[in-house]
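Once you've had a glance at the structure underneath, I'll fire off some questions.
Chain lettering (A, B, C and D) follows the sequence in which the chains are written, and residue indices restart at 1 in each chain.
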Amino acid sequence: MGKKSTNTLVLRIIPYVSILSCLIIWQLIVVLNIVPNTLLASPLQVIKLFIYKLNHTQPDGGLILVHAFVSLKEALIGYVLALLIGIPLGLAMGWFKPIDGLIRPLFEILRPIPPVAWIPLTIFWFGIGLSGKVFIIFLAGLVPVVINSYTGVRMTNPVYIRMARTYGATKWRIFIDVCVPSALPMVFGGLQVALSVSWMTLVAAELIAADSGLGFFITMGQRLLMPDMIILGILMIGLTGVVIGIIVDKVEKRLVAGMWR
Amino acid sequence: MAISKIENKTAVKIALLEFLRSKYILYAISLILFIIFWDISAKMNGRFLPRPWAVLMELINGINEPIAGKILIVHLWYSLKRVFIAYAIAIAIGIPIGLLMGYSKLINAWIKPIFDLFKPMPPIAWISLAILWFGIGETSKVFIIVLGAIVPVILNSMNGIRLIDPSLYHAIRMLGGNSRQEILEVTLPASLPAIFAGLQISLSMAWTTVVAAELMGAREGMGFIIIRGMSVSNPAMIVGGMLVIAVTAWLLSVLMTLLERRICPWKTELEH
Amino acid sequence: MENRTRALKNFKVQCVGISKSFGEGNEKKLILDDINFGVGDEFVVVLGPGQSGKTTLLNLIAGLERPSTGQVFVDGEEVTGPGPDRGLVFQKYTLFPWKTVMGNVEMGLKLSGMSKKERREMASYYIDLVGLKGFENSYPHELSGGMKQRVSIARAYVNKPKVMLLDEPFGQLDAQTRYLMENEIIRIWQAEKRTIIFVTNNIEEAIFLGDRILSLDGKFPGRLKTIYDVDLDRPRDRADTSFLKIRQRITEETMLIL
Amino acid sequence: MSKVSVTGLTKEFGDLTVLKDVSFEVNKGEFLCIVGPTGCGKTTFLNLLAKLIPATKGTIYIDNEEADPKKHNISFVFQEPSSLPWRTVKDNIAYGMQVKKIPPAEMEARLEKVIDLVGLSDCINLYPNEISASMEQRVAIARAFATNPDLLLMDEPYGQLDLKLRFYLEDELIRIWTESKNTVIFITHNIEESVYLADRILVLSNKPTTVKQEVLVDLPRPRNILDPEFSRIRNQVTDLIKWW
């Protein structure tokens, strides 16, 4: 038993050691000039740049948090739109056959198109402003949201439906009382997938055409040959992605706990 | 038993026929309405949206008229080639890493935190760094695609091992299996379906990433085609390119499904 | 203690002073307490309601768990881990989904290094015995619950174990398949006798199958309560008055757990 | 006057006739059991009665009116757990009444009574995954009785339960039924159970299913399974079925 507990202790420490040693190796690679500083910035340089960018707009014309905010805003608007339209649509497709029949073919055409492939057409239609980005994010988020909502309804335990039917519940009533709550966990499962797809697509869109946002920040870093900017941009994107992921997860758990146990 | 099966089958058949009949009509209506709607909106605003037949003509032209020096099929080949090279690399690295992470808690403790750190960063975000490192050629694109494709491979291989029903191990031990036989007869085959599911996600991820990478900078490939369509203001070329991208994505997924049925014929059980 | 050990010596399976608890400190929970019994060449049913530790008891005999105190002997040798001298049939089928019926049944022989031809022959015999001739190349997901459990039984039988351990093997089957399988297990057992320890929570099943019934108390910790001898001729009739009388007696003496 | 009357009920799936010309009547407040051999389409039969699937031919009348789940109170207790997992025990029991739009005051009164009857007062605020399988089945039974059904259909509700538990729940069912005097059709494969519960037993034939015979069970309750008369009826029904 004693051996086991030291083992778990070791297992708990290793992750920190692992990350720390990675950072040290990274720092050493740059300091010892194994990879030239024009290609890679050290972690300390990146942190320095982050602090500098908190209150300086040079060289890209915006504070780092403003870039993050711009990306976040675009992503959230598109994402929420995808939820508002996608969830009811997917749920309805799962239960009402005529709606399924009419929407499904269009959806099947839409589905295999990678969201990033929409970028050129969208820029062509909307330019590089807010509306274009929102549109792309919306499209990217829509597919997983609809699929999960649809599948959720489809997976409703048939006994529940039969039970409600024997009490004389109408089709609409069964949908509201049985199918929707039963689909909820699955719907929420789709939210995370949709979020990561949306976020990735947004970054791609900003990399190609934007005048602000984290993707733009990275592009500027590339143009200015500043690896510390690029790395800071990548880290910020990852971090922001994690933060919204956690928020969605929390909201989701709250809502599910409210309706399901 | 047998009788009730027939009863079910006939019932299902009748229901299905009835259902399909109405469903296909709805599908047809839906598609026709969509094309009419598309055509009318294109007619009204032709500068931004190509009419359906214009897209078709563009595709037919693409068969023998080169775009930027290469015909359409060659562009498609370039994209596919990048995907396959990167995919092979991702599998070769990802599966062993994932399996080791699933098998050994110690290895997992070392690799997992780094993996978790990289996971939320979209592969496309790396493109600028990749261009800085490898230039704008093939290497940087393959690098990006590997980054995109390797995550689901690792994740699924790891979970594939983790989520094996422990009673399968009990069963093999009760039959007299030693630890080597456990790995050979249970661990590997039992994790196969999950690994395969990872490969499927990974392939579609790779395809998305190649398009994105080619959007950023390329002289050939399907991503190049649509970005080219944008810069020469030819919406038919964009939409045509998107169609080819979509059909390829669809074919790749069909291919994987067929492959899966060959490799894991028992998988149907695991789905419910 | 000494006496008891000696008294249990003639049995195929002996459980001596077994107790088992899970967890540590305040979380510690006693699951089985002071279990002593022996099983000869017979069909023994361990009867207990949910949470009486009956599955734990079987796992101890199987060697998948180690007792906290006490020892388990099979043929006079102490059980220290899982092994092919005991054949276990699980409640949840637990077949290898990537193997065919043949592949599953011959698995134990393959592990012991028997040649392909030999093990095919032997496995075929047992597949035939459990009534699955013609399904050798089917995968488990293509079989019904009853058929899966037949495969499980064949898979355990083929190893020629000293004792067969069955853990609520028919618990997941519908009532009619269950009746059928109860008749089948008796048929298989009469064709090739083995020592069987059969765990169930179903009183009717216990009386239909067992030479003896070991009844465990409900609610943790499980304790051995009564041993019933069932002196009825086989095949037994579930509606026979003597059957019903035993049933009534056992029913009255067990706990009701809602 | 009979409460439910079924005439010439027939169901065909394509070329296969599952149910052929079934006719019978159920009196008001009667407890009718239906037993039949394996695969005789008992479930199809129940689904027809509950109007979950349409009949090919024949009629089902309740109180001299064509049966209709939207108009009549038909309740169904399924073999498998059918409590909605996102509702508490109390809300699950109330569900049938909510669909039937019973006024809140009356709903509360009925809820209280039925919860008391099935002995679930201690767990009205628990969720289905927090209670045992047998309690869940009692929730389903409470939900069914709460709507005060014209016809209560029960599909092997105790099929998978332990013997002792089954006896207990059967007694409970008889107690609730005696109090409510609802009309019950109870389907089971278990002959002993049918003789223990029923006023009358309908024995079904093999496919195409028809009513083979009616057996009257005129024994006082609570019944004793060791009673010779009980054995006689049990054997009579067994001989009619003989599925083994």
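Points worth noting:
Throughout what follows, contacts are C-beta pairs under 8 Å (C-beta built on N, C-alpha and C of every residue); 3 or more make two chains touch, one makes a residue touch a chain.
Just so it is clear, the model here is predicted, and its values are computed rather than measured.
Traced through touching neighbours, the fewest hops from subunit A to subunit C number 2. More C-beta pairs touch across the A-B interface than across any other pair of chains.
Most remote chain with respect to subunit C, judged by CA-atom centres, is A. Averaging Cα coordinates per chain places subunit C and subunit D 35 Å apart. Rounded to whole angstrom, the centroid-to-centroid distance between subunit B and subunit D, based on C-alpha atoms, equals 50 Å.
Remark: subunit A and subunit B have CA centroids separated by 18 Å (rounded to whole angstrom).
Within subunit C, no positions touching two or more other chains are listed.
Multi-chain contact residues of subunit A (touching two or more other chains): none found. Annotation for subunit D: residues 38 touch two or more other chains.
For subunit A in complex with subunit B, the touching residues are 10-11, 14-16, 18-19, 22, 39, 97-98, 100-106, 109, 112-121, 123-125, 196, 199-200, 203-204, 207-208, 215, 218-219, 221-222, 225, 227, 230-231, 233-235, 237-239, 241-242, 245. Of all residues in subunit D, those touching subunit A in their complex are 50-52, 68-72, 74-76, 78, 80-82, 84-86, 95-96, 99-100, 127, 129-130, 147, 153. Chain contact summary for the complex, subunit B toward subunit A: residues 19, 22-23, 25-27, 29-31, 34, 48, 105-106, 109-114, 117-118, 120-129, 131-133, 204, 207-208, 211-212, 215-216, 223, 226-227, 229-230, 233, 235, 238-239, 241-242, 245-247, 249-250, 253.
Put simply, subunit A touches subunit D in their complex at residues 159-160, 162-170, 173, 177-178, 181-182, 184, 259-261.
Residues 49, 174-176, 179-180, 183, 201-204, 239, 241, 244-245, 247-248, 251, 254-258 of subunit C are the ones that touch subunit D when the two sit in their complex.
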